[in-house]
Each structure stands twice: as C-alpha cells, then as structure tokens.
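The same subunit A turns up in both complexes below, where it pairs with subunit B and then with subunit C.
After this line comes the complex of A and B, so read on.
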C-alpha cells in the first residue's frame, strides 16, 4: 500500500506519514486505512440521518427519471404536493387514502416485530370485507349500533381467522409463512369471486358485485366536504393500541422477544408457538378492520377490486416506519399523499401513473438500505 | 390453405345463395327503406338492454339534426362556446381496446369540429374502481373539464359526484353500472354484427370444423360477439356443406392477462381448434406458433398486430360521444337540462355507428371476402339481422 503512494507521489518527502496531508481519495481505497464495521450501539440520530439521506436520494433519483421522460421535476413535485396537500379537501382526502394503509401497515408491523412474515395483509383485508358483508347480509335489519358492532367484530375475526390458517400451519408443521400467506391471498380472492358470482351477487346485475348497502350502514363522516370517515379515527386508535401492546404488555414483550431471538426466548420460557398464533391473529384482525372501514366508509358494495394493493402497500409502510406503530401513521399518510397527489401529477404534467410505483419502490429500497447502513460505520484505522 | 383455395369457386356460389337465403328469411317483416331511420329497433328485441329502444332513437335522432346545424351555426351564433375540454378516466391503460377505441372516436369527432368546437381530451390512466370517486371529483374540481367520461364501471363514483357539479356532463360505460339519470349518462356499444361477419370468414376457412374463443368473463358484452361469431361460422359452414362446427370458449376471468389467454389458446389449438376469436389480448402469440391456425381481433382493428389475424370486430364510440357533445352543447347554449335516461344507451348496430368490421387480411380468399362484403351490405341495408345472444357459452 505504501508502495502505491510512493508511485503516485514519488516526490513526496514524507511518504510514510499517516497525517491528513495525504490524497483523501487514495486513502479511501486503502482497506488498511479505513474499515466498515458494525456499530455496537445504533443511536436514533444515526437512523434519522440515514433516513433523511435515503429520502433525499429517492427524490434525486425520481427527479432524474422525470427529467429522462422530458418533464420538469419542479413542476411534477409541485403538482404532486398540491394534489395531496394543496387544499383542505385534498389534505383530508390524503387522510382518507391513508386510513386503510395505517391499519394494514400496523398489521405488517406487529407481525414483523415477532419475526413472522405476514405477506397476507391483502387477503386478510378481503376476509374483513367478507366478514362485514356476511353480517350485513344475514342481519342487515338489526338496529344500526348493534349492527356496527357485529360487523366490526366479524371483520376482525375473519381477518384473524384467515391469518391463523397460515400461522397454524407454521406453528404445527413449520410451513413457511411467507409462502402460505401469499398463496392465501389468491385463495380468498377466488372464494370471493365464487360468492360474488353466486350467493352474494346483486340480482340487478351479472357483474361480480353485491348490492349497494343501505345508507344507515355508512360510517359517519367528519366533514361535509370530505369523505374522511370514522375509519380514520379507528385507525389512529388502533395505532395507539398496538403501540401500547408492544411497549407495555407482557405479550408485547414476548412479541419483541421472539422477534429478536427466538431460541433465547424459548429458553427463557416464552411459549413461541402461542405468541406466534396471537401475533398473527392480531395482525389479521387489523387488516380485517381495514376492510371493514373501507367497505362501510367508502365503497358500500363488495367488489373484487376494492383493495388495489392496500395489503401489500402496508408491508412497505411498516418497513419504512421501521416497524414503529406511530411511525406507521406518518408513513401511511406519506403513501396516501403519493396516491392522492399522483392523479394531479398525471393530468397536470402528463407523467404516467406508473411512476408512482417507481417512487414507492425506490423509496422502499433506499429506506431499507438506509436501515442497514445506519448499523455500520466507517472508521479510520491506522 | 391449398385445400381452401380449391374450394373458392364453390364457396363463392354457396355464399351468395346463403346470403339470399338469409335475406329471404330475415328481410320479410322488415322494411328495408326504413333501416337508417330506426336503427336501434332492429337489434333491440333480442337484447337484455331492450329498453334502449326508447333511449337510443331520441339520441341518435339528435345527431343528424345537429350535424346539419353545425355548418351554419358558427357563423350565426358567435356567442356559443368555442372549446370543449373532455377528461377521460380509465381503469386500465389507453392502449387497451376498450379505451383505445373511445380515444380514436373522440379524435374523429374532434376532427369534424361539431358546433365549431375545438375539442381536447385529457386521459387519466389506471384508476382503480376504488379510486374512481376521488379522481372524478378531483377532475371536476379543477373546473377545466366540461365533459368527464369515466370509461368503465364508475357509476357509483359518478352518482356520488355528479350532483355537486351540475354543469358538468358525466358519462360512464359498459356492463356492471347502474343508471344515475340527470347529468350522468350510461353509454355502451355492442359489436355482435361485425363479429358475425368475422364468423363467416372462420366458418368458410376452418379445416377442422372446430373454432374457439378466448374471452374475459361470461358477461353480456363479452358473450354477444362470441355468440354472433359462432352463429356466423355455423351458418356458412352449413351452407358450404362442411357439417357441424363445434365451438368452445375459455373465460380467463380477467380483463387483461395475456399469459393466461395465450395458454388458453394453446390448449384450444391442441384440442384441434384452428380459428380463434381473441376477445382478450394474448391468443395471437399461441396462434403464431401453430400451423394453419388463424385469429380474429376484438374491439380494435388488430390486423397489424400479428400476421395470423384475419380481421377484427371493431367498436366505434363516435355516435355515443357525438350525442354527449350535443347534450352538453344544448345545455350550455340553450339551457336544455341534462336528462340522462334511467337505462343504458346502447349503440347496438353497424347502422347506428356502434361498430364496424376491421380490415380483412389478404390471407382470406377473394370469394370469401366477397361473401363478407355482401353480408355487410345486407346488414347495413337491413336485410340481414344478427341476433344478439348474451347467454354464456357452455
């Protein structure tokens, strides 16, 4: 290594000197001089700085892409921002978009905390939709408050039950839950497809959809100018509840325990199987409640395409939020804004909607890289 | 193919006799002279959307009146609007047939500049059903658009938004919608007539007497052209003495899944099918790999898409869009209230401009082409009536 320096600067009178006068570029490429090593303690500000750097990098990459397709990045970001937060109505609509994402984000976050990879949020969302409709279909004539409570409970139970199929297989047979949860997303869609083509189909149409629900089952809205409904409040409460559960309860401790070291937890006496089942049930219930909110707050009719990736986006949100329940709220609003603003971006600047998926993917990739990077540091050794 | 050529003379003769027979069978109770005046009534009796007979004549009748007026109006009435900005919301991408045909129609109508209007079109792609209300409200709130066409199953969204924007004309299209009335118009086109003509080609050219369809869902809009395709093929095969034609259809349960559609077509080819009606994208890739198998395009003219395409049944929204423009113009200039019928306005036939046959491939023998041309003339002249059957094919 010192030879190299001597070659590069033969006239340098002090080639062996390790002082700051050496060419910094050449120092960087000396493994002996710099080391990448794992941090013993990761402080919050390490994570914060890397997160900001990731977001800045994401914006830079996206701006580059916008330039490549011949549009102005400034105009595009302005249109995106105005579409999401430009007016009171658009800001409220961003929250409408964030509502189900908070719940599916929480669903993913709590499962991932336990090291259980629930990729089935989308299917559990549909289970919740189906649980809600099931109650409405059978007991639609009940008084509204009772009906709401029943629909809520059945939505949560249905989501929990659907998630428990995967966790049951995992605990009993060790089946890979990533595979089963992904597969079950398809299974439930086919079940729903069958129901919508048969017993649940609206008699007014041959289309795969139910009848429109009666007005008294609509979730109340906060403002007359916006679609923002009580589902948003439910989502916020759920975030607080999950935060409390993870931080303050025994189950939460055990969830974090098996997530960070399952073997140690087992030796410590934590019943890993039970905790896994409980975690997945809670995770599925949260996604099911998202389905309840979307059906009663917005759509009022079951269709095959009312989810549109809500369950999958929840996974991204959970990861961007570093699995923190309150961070999920922020990340969900960010992604809700992205969805809401992208339409304005599309018609004001002509940027295809596909770019939104690129933005989501780029952000996720960079945030994950940042999470990894924050655990390391570069240190000068010698 | 060679065998086919040998049969050309025979086919020509039989085709002409066939058409004479059809004309004799169907033309009896119709009045050929009145066909252009009452286009919708010819197809309506068989449709599920039978009530359209009440709606269609009023709207189609309005079109010719205004096209005449358009030549004089701009000079006499300089106060009227000169620009019409249209926004179109799509479930999929603008390349898909359902949307592409509408975009083409808007451009054709725009070229004619009805009422002297400069028509612009903003296209908003890939808006899921679940997002419809938000996007349509967003567009309406900009105040930039006089007509918003939510070109799919968006009637719930339009119903939620339309009353807040009474000056805007909203439209939605296709199956699965519910009527909204007022300023929410439900439009549709059926293309069973050109599909019947395509079926004539299939019936004349099939070697295996087994033809197929690859389609989305067993919905009326889907089944209409499929049933007409098989009817056309069966009729011609019978006239040519080719015996019974068997038909099978694969519903792929998706509006856009080329891979599954390709697999379905490959399976049908393996089962002996040699003429495939591609109601969805995908089958041509499988057909190209097979010998002596041909395909038929659906909704857009797909002749250029693949060398195996013989022709296409093409949808045209010109008349539908023109009627929307007229309704908006009448509202804006004369204050004629929007009054969308509480049912679907269907442009069912080639006569009222809802559909046409696409370009025919050179691979189709000249005598078969002649036969198709005669059948087309018979349909346009009201001598041949293609029944619209919307039941699923078992």
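After this line comes the complex of A and C, so read on.
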C-alpha cells in the first residue's frame, strides 16, 4: 500500500489545495510566526512547573465537576483525605489497597523499561490467583510453611507463563505485544469463568466461586485493628528487588539498553529476544504475586471480580512513577488512598465513588500532556 | 444437541447475531479509520460507555431517540477530541493516553449516572423507549442498518477517495506525507474524532437500541472486542464486517447454548474471538495490513 504513495513520479501534479498549508494548526510551524520547537535541554524546573500547572488544572476541573452536582469541593476533598489518612485505621487500610497496586505497578514498570508494552497485568494477576488456588486444591493438606512457599512459587510461575505467551509470540513472530496481552486478559478470564462454573466451584453455592480457604492459609496480619497483611511487606521487598535488578545487575542494564535503543543494543551484542522473554517473565511473575497476596491476604476464595482493574491501575501507577521502582511505591499509596478515601467520601458527602475514576483519568491525562509540553518551548522566529 | 437445530433457534440466532454485531461493527469501523491514520485508540470501552450514557440521558430528558443518538455521537467526539489533543498535538504515548481516557470515560459516565439517578439513595431507575425496527420482516433496530451501510461507506472512503488515500498514507509514512504537503495533524484529528463518534453511537445502541437502560458496566468488554475485530480483520473494512458477524454469531450461539440443556462450556465460545484474534495476528504477519506508523508519534524533523 505504501507503493501507491512513494512511486509517484516527481513530475506528478501537486495537489491543488496545497496539502497541509491550510491546516490551522500548521500555521504554528510557519516561519515568521510563533514557532513551537523542542528544547535542547529540559531542566528539572521546566518539568516541575508544568507538573504543578497540570495538577492545579486537574484540581480545578474536579472541583468544577463537584460544584456542578451542587456539592462543596472543599468538603469533598476533606472527606476524601480523611477517609484515606484521617485515622490510624484508615491509613493502614490505604496501605492494604496499595499492596497489589505496588506489585502490578512494578510489573508494568519493568516491562516498559525494556520497551515491552505489557498491558496484560490484569490477566497475569488472574494467573497468579489461579496458580495459588491450584496448589491449595491439590496439596492443601501440606504443612503451612511448605504450602505457602509452593503457592508463592506457582503464583509467580503462572503469571510468568501467561506473560510468556505474549512475549513468545513477540520474539518468535513479531506480533504486537500490546494487542496480544489485551486479548490474553480476556482469554484467561473466560478460562477462570469456566473453572469457577465447573471443576472449582464450591459445591454448597450457586455462585461462581470456590470454597473458602482454610484458616491456616491466611497471610498473617500486622496489627489486629487492620487488614494490613504480609503481602504489603512482600510488595515492598519486591520493589527493592526490582530497583536492585534494574540498577545493579547485567540483566537490568540490558533491560534499560533495549528499552532506550534496541538497534544499538543489538549491535552491542545484547540478545534482545532473550532479554525480552526474561523481562516479560519477571513482569508476569510480579503480577502473579499480586494475585497470591490478594487471595491469601484478603479474599480467601477465588471469584471473578477479584481483580477489580488492579492490573490496569498498575500500568497507570508505573507511568505516574516515571517507571521508577521506588516511585511506584509512592504512586501506589496515592492511588490506594484515592480508592480508600472515596468510600468515606461517598458515605459522608453523597458524592459518587466513581469520582475517583474521573480524578485518576483527568490527572493522568493532564500530567502526560504536561510532561510532553515541558520538552517544548514557543519562540518568535524571524 | 438436536434441540439446537430447530428452525426457531436458528432464526433466533440469526437475528441475535446481527443485533449483537451492531455495536461491535460500528465501533470497529470507527476504530479502523482511526487506526488507518496511525493512531491506536485504546479508549473504546470508555468512549462507548460515554456514548451509552449521553444517549440515555438525553433520550430520557427529551423523549427523542434521535436527540439521544446525536448526544451519544457528541459524547464520543468529546472524549476522542481529548485523545487527539493528547496523541496528535501533545504526542503522548498512545497506549497510555488510551488507558487514561478509558478510565476518564468510564468515570464520567458512572459519576454522572450516580449523581443524577441514584442521588440520596433513590433507586428509581428510569427506562427509555428503545429504537424501533424499520420493517416488520426486520425485527431489529434501524441502527443496525446504518452500521451495515457504513461498511461500504468506510471502504469507499478509505480506498476510493483521495482523502482516504492520504489518511492511510499518514498512517503508513507520515514523513513522506509531510514532504508532499499532506497535512498530518488535521487528518489524524478527523480520523480520531470519527472513531469517537462511531464508538459513541455504538455505545448508544446498547442503551437505546436493546435495553432502554443505562447501567455502569453496560459495555462489559465490547470496546475491547471491537479492537480485537479490527486486528482480526487485518485492518480491512470487509473483514471487519466478517469479524463482527463472526464474533456476534459466537456470542449468540453461546447465549442459545446457555438457554438450552446442552452441556458445552459456553465460556469456550466467549474466549474463542480473542484466541482467533491472536491466531489471525500470527498468521497474517507476512501480509499484514497494519498501518506501519501505528502508535508511533510523528515529530517533524526527527528520525
């Protein structure tokens, strides 16, 4: 199809409307006008100012939306904050919400570092849940420590395996991993749906869910007053491990290499295919571990609504954190706070919880635009 | 098994196939045009939800389905305009922008719905009249006919008009277009917003065409299926039609299976479209029609 465009002879008549010169936006690129051009150096304060502007704009838009439905923005923001950090219990619950998000955020961050667009965090999370339940179902009678280790390993392996379907196709056939990982999310959801309707279904219920797991498989909790479980510690350790991996190991160096310049990396002798496979396996394993933590820490039975968009939110968290493993922790806690605070906000002010999605979407859109805008400047040219 | 092959069931599956395929076809045709210009819009799910809600809200307020459809188109256009602003003008990564707008679209629709209809604990859920069937022998809403008509329209537009050729060129080789003076920005804006309008209409089919209701997960993955159909159809209008009908047929059969006593896992049929899409992606790779610059933002003067 490209032939139709390229093999026209130069003597062909030009399109009489002068092509793009009539675009209003292209006026900006005309000489003698204001000109948008790339900055040669982007200083931190350029980024900082545009980021602040984006956040101010986001708050203004959200406040406007709250005003439109006749509520007070100040009250709602206060309720949101108090719900998330107002008491010791609510702060701990925020961390509970942040736990799986740290792991799926890391999963996305490490893959994106390598330039591999793993959008399949949601499916790999399900794979982790299924791996955990598989072990419990098969060897539930084993002593608790051994059972935990086996469940953890199988959760990670299942997540890694499901991610490897996409990366295998990418390395072998060059199929776009964005598209395959999105498709695989649905495939595993229906596999789980089948299992929950049949072989795994709890015999005493009509619902699509498994039996409740035995008490000795619950992840221990830190404080009696909250639901905060060991999964949070696992998530923090995982963040440190990913940080170490990316910064201090050969694989990490190669991951950053193929992410920033694939061609140069190939010439340097980095085996791009192998590194891609390894990265996706690690990414999938992290998302799988998130499933392990949620199942054993909170839900204790497999249901179809166990993920609630945790995989997709992880992608956003990774980007807000600029793909930095430790930044992921901060971003995940912020998102956990939004989720947790919104329940209190709905209860106290009557503003629908769904406002959180609007906050997330608006903020992310504006922050992304700001990050790009900070790389440009407007200058009058002669 | 025999009970599945009675004529009543088969006729039922036939109409159900067309009915289920309609929103998929509308959204997929819009996405096809959008992707042809080199912009991958992952926010179909959110855009369709916006359309479903905007259409429902306006139809409920005005009592006019036509006004509802216009609102649905505008709702889709609104979200896709933000998409175009982010990806074409600000050159934000398209995958990320799509996911962000997905959340925004879902969030706006849920938020408005809950604050208008479920405020202060009222659970009085309104319904609107649904679209009528045009003729007695065609027992499904007339938006289906529009969707079918759009297939040749989109095909002619993409393959038989100068603007369509230029639009596809922008999706393949923006640098060459720029050199020849073909405006990239305006064409991508047009394509993205067209995709948004179509997705909005697709969403409104679900609220105004079949249920007369709006509820938060009304789209329930159909936006992603529409994306899959574009890939399955190898970025060709005719194959997008085939894909929509095939996916609609699988879903219709699945529903018939669930209603009957036949003991076949219906989830298999639901998963099949996604598996088929991956298979198509692998097998079409040597004659893939994918726009070569899909997801790659164009920066003038850079390589």
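The criterion applied here is as follows: the second predicted complex is superposed on the first by the 326 of 382 C-alpha atoms of A that agree within 3 Å, B and C clash if a C-alpha of one lies under 4 Å from a C-alpha of the other, contacts with A are read in each partner's own complex, and residues count from 1 in each chain.
The rule we apply is simple: contacts are C-beta pairs under 8 Å (C-beta built on N, C-alpha and C of every residue); 3 or more make two chains touch, one makes a residue touch a chain.
For clarity, every value in this text was computed on a predicted model and none was experimentally measured.
After overlaying the two complexes on the shared chain, residue contacts for A:358 are found with subunit C alone; subunit B is out of touch.
Of the two partner chains, neither subunit B nor subunit C is touched by A:58.
Contacts of A:156 after superposition: neither subunit B nor subunit C is touched. In the superposed model, A:187 lies in contact with subunit C only, and not with subunit B.
Looking at the superposition, the partner that touches the larger set of subunit A residues, subunit B or subunit C, turns out to be C.
Contacts of A:101 after superposition on the shared chain: neither subunit B nor subunit C is touched.
In the superposition on chain A, contact of A:308 is made with subunit B only, not with subunit C. In the superposition on chain A, the residues of subunit A touched by subunit B in one structure and by subunit C in the other are 193, 352-354. Subunit A contributes residues 1-2, 4-6, 14-15, 18-26, 29, 38, 65, 69, 117, 119, 169, 173-176, 178-180, 182-187, 190-191, 193-194, 197-198, 312, 315-316, 319, 350-362, 364-365, 368-369, 371-373 to its touches with subunit C in the complex. Subunit C contributes residues 40, 42, 46, 82, 85-86, 89-93, 95-97, 99-108, 110-111, 114-115, 118-120, 162, 165, 168-169, 172-173, 176-178, 180-186, 216, 221, 224, 227-228, 231, 265, 267-268, 270-271, 274-275, 277-278, 281-282, 285, 289-290, 292, 295, 299-300 to its touches with subunit A in the complex.
In the complex of the two chains, the subunit B residues touching subunit A come out as 87, 122, 124-131, 133-135, 138-139, 141-142, 153, 156, 175-176, 178, 217-220, 253. Across the complex, subunit B is touched by residues 83, 89-90, 93, 96-97, 193, 204-209, 212, 227, 294, 298-301, 303, 305-308, 339-340, 343-344, 346-347, 352-354 of subunit A.
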